[in-house]
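Okay, here's the structure, questions in a sec.
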């Protein structure tokens, strides 16, 4: 084992950290964890393998990598496995990622390179996040979501199961995507929205289930989107209506 | 003491854990804590008794059970008690509960059986949560709330002091209940809404203080509810108005 | 070193705690930290100096004081500094503050006296918070914000970079201030709103960038504020319009 590991840290199992890693006090790393060079594991963080971690990754204090799915927790509760972290799927964190304090990445999810997260972010199972994407503090990404490259997700955004977000999308603070059309009153297969490349969603907007928002469209702050939105449309209001087209001089977010 | 307790964990006082419990690294359990069989205490979690914990309960890493009320914190600040956790009220957690990482349950609150919580949930003092209720990530339940059985609270919902939620209610993501009619501008006794059995509230909706929502009514996403809602009404918009009745073929949530 | 320090706690560097401080298990205090008397450092909390802490401050479990800016994290990732906490700016916490579990204060920010925070609050760099201000659970205060005295910020409020909030302001739960007029589609210097003395903002309201809300105005729940608001006006709706003036008998919040 190379790098600097605090005497109170616990590094178990077949873990293999690259050179110049810094493991702080009260860290617990277990399972088959393999990391690149120069990673930082902040105080009290928890990494449960199998996990493949790139170079120069920053894990703030009290982050969790490799949280078990509900199925595994229930298997533990029924006495079928000795601990909830025994049969985890493999997690992958790309180079240069920044995962700030309190954030939790479920086992089996994958972050690309240079993903930068705020604090207390939740990424559930079977999620893929592309390269160079930023995810703000308090964001929740539920399971089976696909998030593209150079996406900018501001603080407190909620993204439900089965949502698809393409490259260069911008989600303003506290906006809400939904996936249950009937609020548990009628049978419905949960489907989140599809946000095409370059869409911008304003602060606090709500997007109804299974809606498609066309490429480069803009949804105004506080809008409630109940119908598909055409590409390059500007929509706002409750319910949202089209008021204009995006001017040709405007670019895609993070272009 | 039975079960497996990591050598770095601290188990103090008159704690009595049932068989097959697993206590992970950096856990602190203190005060009179009594648990059933097969419980999991994740890394860095904190349990401050008195507490009565059922069988097969899962506490994710960094959870807190037995957080002190503001009164106790202030007594400590004034030097009247030696530590803020000395005179805690008793907390009760039912069988099979799942409390995920970062969640905090105040001393004196009670969870029924099979309550399943996401991450970073806050439950303040004098709260009762019924059986088989689910509480999403980031939900805040302030003090003196009564939450029924088979309630489904989605992520990031805010529930203020003195709120009453009956059985089979569904609260969509990020919806907001309120309890101060005059926003601190005029004297007002804080009163949250009353949500009767089987109500569904859409994502991001706001319900004003002291509103009663009748049984099985549906409140649309993004609605601002300023008046009482009749049973089985469908209301939406800003301000919310009745547009329809719930069809007879629809069921209650989680029925 | 005076006070009671648990044997598992790590207190490094030139730290100097006042008498009757209580340092719990798994705490890490490092750098030049100076505290007054009677402070409480809860289990697993992290304090990275330089920091000047007043008397009778309560840090709940898993709080962080002195989180590094993104610039420092990136310098660590590039191998230019040995740890991300080496060159932190000095943090200041006034007397009698209550910082509850999971909250994070960035290095270089300043809290006045008797600031009371909920859980999982985030205060980023270069923020000043005045005396006797309360900040609810899950609130995010981004960098370079100035928050006055006797401000009441309810749970889950989002406050972006470069926001100015004067004394006696009330922000209802989940309300959203914004600072990017074009949602990353067109060049714009990020400017948050200015909330003048005694303003009240209702639950879930959205305030657009660079808006000035005049003294003692009231913004209704769920409003979307797109234009400056005159002093003492009552506005609501989407978009918000003036409907009335604040009655003379009403006071400022926390007056």
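Think of it as A, B and C in the order they're written, each chain with its own count starting at 1.
Criterion: contacts are C-beta pairs under 8 Å (C-beta built on N, C-alpha and C of every residue); 3 or more make two chains touch, one makes a residue touch a chain.
Predicted model only: the values in this text are computed from it and were never measured.
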Superposing the Cα trace of chain B on that of its twin chain C calls for a rotation in degrees, to the nearest 5, of 120
Regarding the chain A and chain C pair, does the interface count as same (over half of residue numbers shared) or different (under half shared)? different
If you average the Cα atoms of chain A and of chain C to get two centres, how far apart are those centres in Å? 24
Within chain C, the set of residues that touch 2 or more other chains is 8, 26, 44, 62, 102, 120, 138, 156, 174, 204, 222, 238
Sites on chain C touched by chain B in the complex: 8, 20, 22, 24-26, 38, 40, 43-44, 56, 58, 60-62, 96, 98, 100-102, 116, 118-120, 137-138, 152, 155-156, 170, 172-174, 200-204, 218, 220-222, 237-238, 246, 249-254
Interfacial residue positions of chain B with respect to chain C in the complex: 8, 10, 26, 28, 44, 46, 62, 64, 67, 70, 73, 76-79, 82-84, 102, 104, 120, 122, 138, 140, 142, 156, 158, 160, 174, 176, 178, 180, 182-186, 204, 206, 208, 222, 224, 238
